[in-house]
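Each of the next two complexes has chain A plus one more chain, namely chain B in the first and chain C in the second.
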Partner chain A sequence: MTAVQLSGAGRRRGWRFRGRAWREAVSFYGFIAPWLIGFVLLSVVPLVFGLGISLTNYDGLNLDSVRFLGLQNYARALHDAEALFGISRTAVFTALYVPLALTFALFLAGLLNQDVRGRGAFRTLFYLPYVIPIGAAAWVWRLVADGNYGLLNALLHLLRPGTAVQWLANYATQVLVVFVVWTSVGGAMVILLAGLQGIPKELREAALIDGATPLRTFFAITVPLLTPVLFFQLVMNLIGALQTMVAPMLLIPQPMGFNVLPPQDNRLYMTFVYFEIFTKARFGYGTALLWILFLLVLALTLVVFATSRFWVHYEVE
Partner chain B sequence: MQRSITRRLRQSTVYFFLLVAAVAFLTPVAWLLVTSLKKEVEYISWPVRFLPAVPQWANYRLAVTMGNFARYATNSAILSTAYTSLVVISSALAGFGFARHHAPGRDALFMMVLAMLMVPGMVTVIPQFMLFAQLHLTNTYWPWVLWGLSGSPFHIFLFRQFFSAIPKELEDAAEVDGCGRFRIFWQIFLPNSGPALAASAILAFNWVWGDYIYPKMFLTGANTTLAVQLVSAYADPKGNPLVTVTMAAVVLYTLPLVVLFFVAQKHIIQGIVTTGLK
Partner chain C sequence: MGVGGLGALGVGLAACAQPTPTAAPQAEPTKASAATQVPPTAKPAAGGTVVFMHQRNEWSEDQEKQFMAANPAIKVEFIQFDATRFMAMNAAGNPPDLFRLQGPEVPDYLARKILKNLQPFFDISTVLKADDLAPSNNYYKWDGKTIGKGDLYGMCKDWSPDFTLFANKKAFAEANVPVPADDKPLTYQEIAQLASKLTKKEGDRTLRWGFGYHGDWIDRTMMNMLAETGKSLFADDFSRLAISDNPEAVKVARYWFDLAKANVVANPLNPSPQWAGDDFTKGLLGVVQYGYWFSAMAESDVTKDNVVMLPAPTWAGVRRDPTMTATGMAMTAKAKNPEAAWVLFEWYNGGQPAIDRAKSGWGVPALKSQYKLMPAETPFQKQCQKVLQGELQYASDALQFNPFIKADVVITAWNKYLEQALRGKMTFEEMLKSVEKETNDAIKEGISRLG
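On to the complex of A and B.
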């Protein structure tokens, strides 16, 4: 303090400036402190801890006999038929779900962006399943797709008496895709609708006056302008789809209870990992499987980002 | 003349698709409601009866009295409220920090917030589970308190977007008057961010109330939530499942979220849109 008082005017000014920046930085770190501490303790530490565990044979109880295995768990995953099967089922699910969900969300948003009466009511209606918690939503679809008393079979019975399909067992992945689309499409739809409403009307009107059909206008004008929003949705949907875990566990034909494996086709990668960790207590192997997923998600996200410059139109500011 | 005909035709096509989609979206929900009002023997009859002969409102009374519905509902409410109040405050603090300060390291740290939006949740949560188990924090509500205290990337992002849009003049005027940073946040920014607070609070509450997997992983027995409890069906004294009563309980479990959504849908949708667009 005394040093500042003794120095010249210019010097003092410099100090005051530094004081201000310093105070702002202190204030910044004060405001973010709760998050920053949590980020270190609840994200960084578990990530590093998990990485460490993935190099061992830890099973939850053998703390005194834990052995360092190096990359053995990772090598083992590459030869684990169940893990590889899980990856292939996750790929199938993602390839069905992501395009379907995005197209459907865009279709609904496009419809609602027209001059329709009751837009708010329709929007609410399509959004409603998004609010229903997954446990309840799973019950809804188990009722609809039930092999004995389900709505689907009841309707089928009206058309072709005597037929009953075991939807949850024999069409497990199809039902799963429909289920996840149903519960998630509302969120993407409201975002896309807001994006559509942000596009100046004049652009579309100009195209229409020039004689372009509404459909052509949609694909040549509206969709390109919407690509930044679509891109963000694509990335989030992809990440979400790759880590799908709970929905297959709940959408099973048997009574739901504890630790019932879903039908073969719905043993997605994360579902498989969950059972490895929580029913077989393979913590070391399981965390290695988690890190493999993490790396796959990261790689895929980077690939999608790399393609973005070919099809995402950002407005030049 | 021809123009108006094509216009009409287009309008009807739009309404046609909207109605088809609406029916497809609502039918499963309607089926849940109808089932919750059937007698159990009506539910297990074949061919399927679409509607109950007499709506069994008693199912709803049974749903509350048969199991320990009130106990698990209370657990869900405590957990949801505790997490929500904590996460809204700490995320608003961090959002204000990121939106309204210049400081070395700020942009790198904000990238970390965004990166955490993309890291698969289980990659951090499963090691957390092992650590919490060592600290004897599993089967307590401490994990939710800690998660709440440390904010959530999604909510931080939401607040940061919202606070960034508030005019600088407001802040400058307060600074001239000698307000400290925290008072500016507490007395000027927070009271002016009703929509962001509402969106954040409702989304956080929905998340915990609706979450199935974290309580299943972290809690057991009487401490668990309604979401976990309702996954297995109610049973009569002989052990036969009572699907219709369970469905009544499922409706009761879902109702608060639906009501909340109808009351505040403007805020919820605004919150979703804010984080999804920019």
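On to the complex of A and C.
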């Protein structure tokens, strides 16, 4: 009898528990449903569709002439000199951009973490390039860097009349790196600033009392505690750099169009993909190239994640 | 459609603007023509929504309101033309009813069965009559085998003999060079000499280029130059780009390469950030090569009273001055509301918008009956009309476009390898081989896809 009663009470508790769990599950899925539906419709479905297209000769206009090619597009990419050149230029760009952007963002965040007058104004000022539409920013840069009528050469002209350095044509990658750092550093700076402000003052003060120099404090206290934020920034910058397409297109020194490519040094992988798809109507091949990029990004991200246990220090471990 | 059919389609472009084009051999009519044909009706019952993909600067909101006021049963859903969006809409099976296109794109769209046969509509139209259509409309004719013959699949909104020149008299005066006569064509060789004399520099800085042209269309210019000698950039069946084994084509390509290398035109190593029209109106060009349409904007505050229009130059002494764009409008094969779309098509191409365009001077009207509306009030407009009337007699021959590739493929390859050749990373001959290889790969794919 007792056993039966106990069993009944247990069942009631079980029902109550299951009822609460059910309600929690419904709430959970209800709240994430908008994102989940958007993710499935706008990311998963296009990804699968893209994977399907990458196995065909689809030309973007009609489906009548589509043929299944299997992995031919992928095999072709591995032997395509232009694709490989695009990868090499993207590697150069990434190798220059990522360290520069991280260092500069950390430097600015460090500066703006000081207790100085007008700190708010400086923070706004340094953040501003990040919120300027990239098209407008590029337009201004083109005006500044134009070979014959640019502001930069006009200043140089004062020192040496007749100067016409073709910045956008002959120093294309350097200008691109500086431009992308300039437009992106504001976002990284804000996140690093938040990270800096999350580091307890007491730790730095204790180190200083123990006789550590500010430089030693920075590398022994600040940087290790900031590594989770730096790690996040590193991953995001790497992914962004490998996918760079818009900036080199906007910095083309000639009028833009479907048939004007960036200068050779700025023909990054994604610009190559763009012209394959939209100039040559190679949608199938283009999506295969995009899938290859996705795999490269994934592999690189996993490598960075694998190294993180050696240099990223979490407060709770 | 077979490869032969498409080749014939391209071959037919040669006869694009001729009244009696030669039918191409070994070509079979395709089913596309019949499949996209609209049964003629005495009076189409028009109503509903028309999805219209065009450019807002060529279809104003006022015109849209006027049209809808005159046709209250029709609602126009305007979409700004965007090539990517157009592709996406087609791929989704939901294309616009009417859209903007250029003559060189017609063979490609026909091959892909995207255009609707509008002949039944033209047959009963009292506004757009066959004998009133300017020759440039032949770019939109196709009989299933040959461009330039057969049914109409669209029409141009306006056009120009596109190889004429505009000279900045101020630049000539500064360089102490006499302005060429406007009743005798220059040769391309003379233009090269002028380009050199008119280019103005200060140290490394270019203050004025001697000559300018539309970079997007340089392949079309080469095609027109070669046509003077009876040659083409492509093999007869359009199966390949044939420059390096064609001495005349090599000479033409060398001409443009040498101009760039001499730095007397904007080029990849000394580029202009704006199109040649802007350069000209800002006084940064001595001579620019554009069609009659450019006369509407050639005189700016900087160039006013200092511009003169000149006839199209010749390469081998044969006068040719066809249009190279024939920008117009077509209806998609999958248009949801063809009857209502035709009402809009007819109004745009024969109604008030066409009259307004003719009066604006932004091109030669697509209807011969509207030629008289072109402006001829100012001395410059009168001078342009004089040159234009002389050029119209050489404007009926058309260019031959390759139906297997998109119109941008050749020029993109040219732009790409020109930079490398100018930097000395490859020779001129290697540059030509590279352009050929890249284009021929695309042609091969096109043949395999459409064949």
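The rule is short, and it goes like this: the second predicted complex is superposed on the first by the 297 of 317 C-alpha atoms of A that agree within 3 Å, B and C clash if a C-alpha of one lies under 4 Å from a C-alpha of the other, contacts with A are read in each partner's own complex, and residues count from 1 in each chain.
Please note the rule applied: a contact is a pair of C-beta atoms (placed from the backbone, for glycine too) under 8 Å apart; a residue touches a chain by one contact, two chains touch by 3 or more.
Since the structure is predicted, the reported quantities are computational estimates derived from the model, not experimental observations.
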Q) Mind checking chain B and chain C on superposed chain A, clash or fit? A) clash
Q: With the two complexes superposed on chain A, say which partner A:H157 touches: chain B (first), chain C (second), both, or neither.
A: both
Q. Should A:Q254 be classified as contacting the first partner (chain B), the second (chain C), both, or neither?
A. second
Q) Touching A:Y74 in the superposition: chain B (first), chain C (second), both, neither? A) neither
Q: Return first, second, both or neither, reflecting whether A:D64 touches chain B, chain C, both chains, or no partner chain.
A: second
Q.
Tell me which touches more residues of chain A here: chain C or chain B.
A. B
Q) What is the contact status of A:L47 with respect to chain B (first) and chain C (second): first, second, both, or neither? A) first
Q: Identify the partner contact of A:R282: answer first if only chain B is touched, second if only chain C is, both if each is, neither if none is.
A: second
Q) Should A:I191 be classified as contacting the first partner (chain B), the second (chain C), both, or neither? A) first
Q) Once the shared chain is lined up, is A:N148 touching chain B (first), chain C (second), both, or neither of them? A) both
Q. Can A:V246 be said to touch chain B (first), chain C (second), both, or neither?
A. first
Q. For chain C, which of the listed stretches 74-82, 182-190, 200-208 or 434-442 runs into chain B?
A. 74-82
Q.
Based on the A-chain superposition described above, do chain B and chain C contact any of the same residues on chain A, and if so which?
A. 60, 143, 148, 153, 157, 255, 257, 278
Q. Which residues of chain B touch chain A in their complex?
A. 10-11, 14-15, 17-18, 21-22, 25-29, 31-32, 35, 43-48, 50, 90-91, 93-94, 96-98, 101-104, 106, 109, 112-113, 116, 118-128, 130-131, 133, 146-147, 149-151, 156, 181-182, 185, 206, 209-213, 217, 227-228, 230-233, 241, 243, 246-247, 250, 253-254, 257-258, 261-262, 265, 269, 272-273, 276-277
Q: Flag every residue of chain A that touches chain B in the complex, lowest number first.
A: 21, 24-25, 27-32, 34-39, 41-43, 45-47, 49-50, 53, 60, 107-108, 111-112, 114-116, 122-129, 131-136, 138-141, 143-144, 148-151, 153-154, 157, 182, 187, 190-191, 194-195, 198, 214, 229, 232-233, 235, 239, 242-243, 245-246, 250, 255-257, 270, 273-274, 277-278, 283, 286-287, 290-291, 293-294, 297, 301
Q) Which of the residues in chain C come into contact with chain A in the complex? A) 83-84, 87, 90-91, 112-114, 201-207, 215-216, 266, 268-275, 405-406, 408-409, 411-412, 415-416, 419-420, 423, 442, 445, 448-450
(Q) Can you tell me which positions in chain A touch chain C when the two form their complex? (A) 57, 59-65, 67, 142-143, 146-148, 153, 157, 160-166, 168-170, 253-255, 257-261, 263-264, 275, 278-282
